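Have a look at this one.
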Amino acid sequence: MPFKLLETRGLMAFYGDFQALFGIDFQIEPGETIAVIGSNGAGKSTFLKSLVGLVRTKAETVSFDGQAIWGKPAYRIIAQGMSLVPEGRRLFPSLTVEENLSIGAYSRRKGPWNLDAVYTVFPVLKEKRILPGTALSGGQQQMVALGRALMANPKLLLCDEISLGLAPIVIREIYEQLERITANETTVILVEQDVKQAMAVADRVYCFREGRVVLEGRPSDLGREQITKAYFGV
Amino acid sequence: MNETIRVERSSRASRLFAVFGFLLVGLLVAAPFFGNRSVLYLLVEIFVYIALASLWNLLAGYTGLVSIGQQAFVGLGGYSLFALTIFTGMPPLLAVLVAGPIAALFAIPTGFVVFRFKGAYFAIGSWVVAEVYRLTFAQVSVLGGGSGTSLPVEIVQHIANSRLERDSVIYWTGLGIAVGVLTVIYLILRSRWGLALTAIRDSEAAAESVGVDNYRTKFLIYFLTAGATGCIGALISLQKLRISPDAAFSVNDWTAFVIFIVVIGGIGRMEGPLIGTILFFILREFFADLGSWYLMFLGLFAIVMMLIMPKGIAGWLAERFELQIFPLGRRIILPRDKHISFSQFGTSAISKKRSPTKITDD
Amino acid sequence: MDLPATLLDGVLLGGLYALFAAGLSLIFGVMRLVNIAHGDLILLSAFLALTVTTHFPIHPLLSLLLVVPLMAVLGYGLQRAVFNRTLGNDILPPLLVSFGLSVFLQNALLQIFRADSQRLHAGPLETWHIDLPFGMTMGALPCLMFIVAVLVIGGLQLLLFRTALGRALRAVSDDGQIAQLMGINNAHLYGVAMAISLAVVSVAGVFLGIRANFDPSIGPTRLIFAFEAIIIGGLGDLWGTLAGGVILGVAQTLGARINPGYQILAGHLVFLAILTVRPQGFFPRSR
Amino acid sequence: MSAILQLQGVSKRYGAVVASDNLSLHLNPEEALGVIGPNGSGKTTMFNIITGITVADRGQIFLAGTEITRLRAFERCRRGIARSFQIPHPFGGMSVLENLLVSAVFAQGESEKKVSHRCLEILEETGLLEKANVRAGSLTLLDRKRLELARALAANPKVLLLDEIAGGLTEQECRLLVEEITRIRSRGVSIIWIEHVVHALLAVVDRLVVINFGKKIDDGEPRTVMGSQAVKNIYMGPEGDAV
């Protein structure tokens, strides 16, 4: 059995007193890129937030890099090498672009990523580094959010709907950069509403519906008919 | 099918309490005939705090207006009574009632200022305005300035000739105001205005978009509460026969204790202030002579309650035992089975168990 | 009425009010917490300094070496044990808890130090005067207070905008949930913010103790001055808070010149006037 | 001015982000208008501007011929505009029935007795009757979305604004929702419906509008609009075969 960078069994998540996830079994090996697809409200974002400890969860096991992380606070899980690009980017308004990037490295994990490395991948950010984070266009803000997550030198990068609200050409550019980023053995979980885009980059696909995994497999093995049925449940 | 469904406003428990309530009030009315002077004085203090706590609960618990400045209207009411009786010779008991509208008039400019604040800033802003009133009345030498003044003897005589009669008249006024305030609040909360207030408290944006005029409703409640608080202030100063800026506008007596009472008793429920007041006076009777130790304990007790029991005793009782003295909610009574008509069944409410439905949320 | 001298006194007094306000402004900026016990904590530090200077024959300002760390540790403990539990979007829990704390502190101080007013003796510092052109003079103490206020606010600005800790504090203030994604331990950071706030409060407390008599009951009025300075100066902008303190100081000294009883009232009236004209004050938060 | 609701040149910016860009739109009496567009394209802002929660920088809004641009949110509601929030805003401390009563009493200016019967009917139509006494704060997300629709209906509106109420529904629940909205239309209510679940939308609406970056890109017969190139490249979704 190859080493699993991340494995969850029976993961359940709650918002207040109603349940959002109903027992998710998921695993990912180092270097793999997995796409999680599903319609609005299927529990995709909740899954990512559960992994980093931002949502109340119950589970049989949640192990990351060989250690149990269930119930740990977010800052401990982040320090262990997990990083999330949040839905809607959510840069810090009172911080400049460069400050938004540097705060990504707050947990000071060693690795290839620093300000210069991010500026080489996203050169446009270097010119705009003293501007407030939120004064940039949607696409540029997405680059900052991605760069900020990379600055933590994560073993596992979680991306939540990075194509949201962006023009198609910008989405293509972001995904090209993502491909270059994941070339050097970074493991990525990609939550994406845009199924075609997700299938193009993923080694494996999980389809969520109403808080459950309804389909899992390699993109090549799954027919479009099967995905649409899983996606809509009809 | 649904014509057979009845919207029920009161439950068996609340009807029971209503009967008990009437009996209690009847007993209280008779109190002066057998209670001694200090018992009457204590009972008036209890009426005062029940009314003040219920009014503050209406503001903060139901409308979301957390004010630390209601002592402004207690003071305004008190000074209105003194001014009316001394300068216009108005009979003191009438002055108590007239003091209310006067305090309410002051609430208009005050409200215009403090409503520019939101949330925690509204709390401190209202405190500053109360301080302005306190300092202003300290400069009014004709009403005793900083050290305050006493009610002239002839006015005191005007209440009633013998001391016992005076105590009884003040007692009945206090009882009347307390019962009146509770009744008016109950009627407000049971009316459409009760719906509007709790809607504003729960979500201002949603309330405005379903037709509630937030600003005017909040201002109206602020205005009415100020008036009622003014009446109580007048009663307090009449009972004490003395008034001074620091006593009339005291943040500790008329706001700190009131907030502790409402929060420990249970904020956002009409039962809260009642339970809180009774508990507060029990503590005071036993521990008050410990002086600052008692106040230290009260401060700590409020902190602990807020941390472990934010809904207060009334909230805990409501959740554990479904206890509701004041029937303010609306419940529908469903026929137990769809095809059997309702009339065959008594007031059996639908089962309370929460079915674990599946949901998705992104 | 000698206007220039009054204005000068007012400006220098404004330094003390800015010191009162800086601590409160910091924790409101970082975690939207309004600490009703802020004034009583200022007094606590004055009484701590009093205890230190009665046991050890040192100058009250020197006692800060002991009082500041003590208050910082108290601040961190208070935040972690009590206030962190009350944070959320409902304003009542933190308001009520700090209200309870205020009543507790006032009566604890009353129990220990009785109600009589006390004074921290700063020796010659209290009487030195500096001669200025046009025959005006300036007290050394008020001048020192103003300088320290500017240094403290300057230091806080440096901390907030030039250091990693400051960056983290601003991030937590902007978006507490996303700050956790950066690996920030919000509970710890809130503790640090309260520690810094109470450190600043202890400097204000000692100056308060040196400048005038104090007793356990004057806490709330200091809280109100701090609050007024913040609102006049505009939310969350520390230089604005300094300006707010100065405006309040000048208003009060002008009021006191007209009639001693009008001092605090004048401050309140100027505050209310400014508020009704410009709800967000002169220096709205830059963000 | 035959339209029941008219937006003319409505614009709104939040700093660098353009939420609404010279948007003009009309809704005819008893018409159902669908609105699609990617997330963050300014659809919900349009609803906030129509209902008065947000004030537009420029532009005017007319309801049945009279201008309502300067009216406050509660006045617009009382004139017959009701909306469901995309992110549900229940009155958490009150029961489901009481949530509806607030809307019915204040939007229509009627006494509680007169309207409570109608509220019960609406609860039954939207499948919430069993939960009428439940505290709204403890409802599941799906029930909260149902409550948004029910509360809007309780206002007995002329114009009903629906914001993504089909998201997360099963096929069966979707079909029930479509039936319910068709029933509402038959009672003469005009509807604007923002929705991602395109097949539910197409089963109801007469006209479809596409909005992206705050601009109206397309407005016409639903099938032709769905087939247009503009929609194709916005919706690089599952080849639109979900249609």
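Letters A, B, C and D mark the chains as written, and numbering starts fresh at 1 in each.
One rule holds for everything that comes next: contacts are C-beta pairs under 8 Å (C-beta built on N, C-alpha and C of every residue); 3 or more make two chains touch, one makes a residue touch a chain.
Please read these numbers as outputs of a predicted model, since none were measured by experiment.
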{"item": "Relative to subunit B, chain with the most remote C-alpha centre", "value": "A"}
{"item": "Chain pair showing more contacts of the two, A-C and B-C", "value": "B-C"}
{"item": "Geometric centre distance via CA averages, subunit C-subunit A, whole Å", "value": "43"}
{"item": "Subunit B and subunit C: spacing of chain centres that average the CA atoms, whole Å", "value": "34"}
{"item": "Inter-chain centre distance, subunit B versus subunit D - centres from mean C-alpha coordinates, in Å", "value": "40"}
{"item": "For subunit C paired with subunit D, centre-to-centre distance based on mean C-alpha positions, whole Å", "value": "49"}
{"item": "Multi-chain contact residues (two or more partners), subunit B", "value": "354, 357, 359-361"}
{"item": "Of all residues in subunit A, the ones touching two or more other chains", "value": "15, 17-18, 40-42, 210"}
{"item": "Overlap residues in subunit D, where contacts from two or more other chains coincide", "value": "138, 140-141, 168"}
{"item": "Contact footprint of subunit D on subunit B as seen in their complex", "value": "1-3, 5, 7, 192, 195-196, 198-199, 201-203, 205-214, 268, 329-332, 334, 349-350, 354, 357, 359-361"}
{"item": "Residue numbers on subunit B that touch subunit C, as the complex places them", "value": "60, 66, 68, 112-113, 116, 119-121, 123-125, 127-129, 131-132, 135-136, 138-139, 146, 251-252, 256, 259-260, 263, 267, 292-293, 295-296, 298-303, 306-307, 310"}
{"item": "Footprint of subunit C on subunit A - complex, ascending", "value": "52-54, 73-75, 78-79, 83-84, 86, 90, 92-95, 99, 102-104, 106-107, 148-149, 152"}
{"item": "Of subunit C, residues touching subunit A in the complex", "value": "164, 167-168, 170-171, 173-175, 177-186, 286-287"}
{"item": "Partner subunit B, residues of subunit C touching it in the complex", "value": "32, 34, 36, 82, 85-86, 91-97, 99-108, 110-111, 220-221, 223-224, 227-228, 231, 261-262, 264-265, 268-269, 271-272, 275-276, 279"}
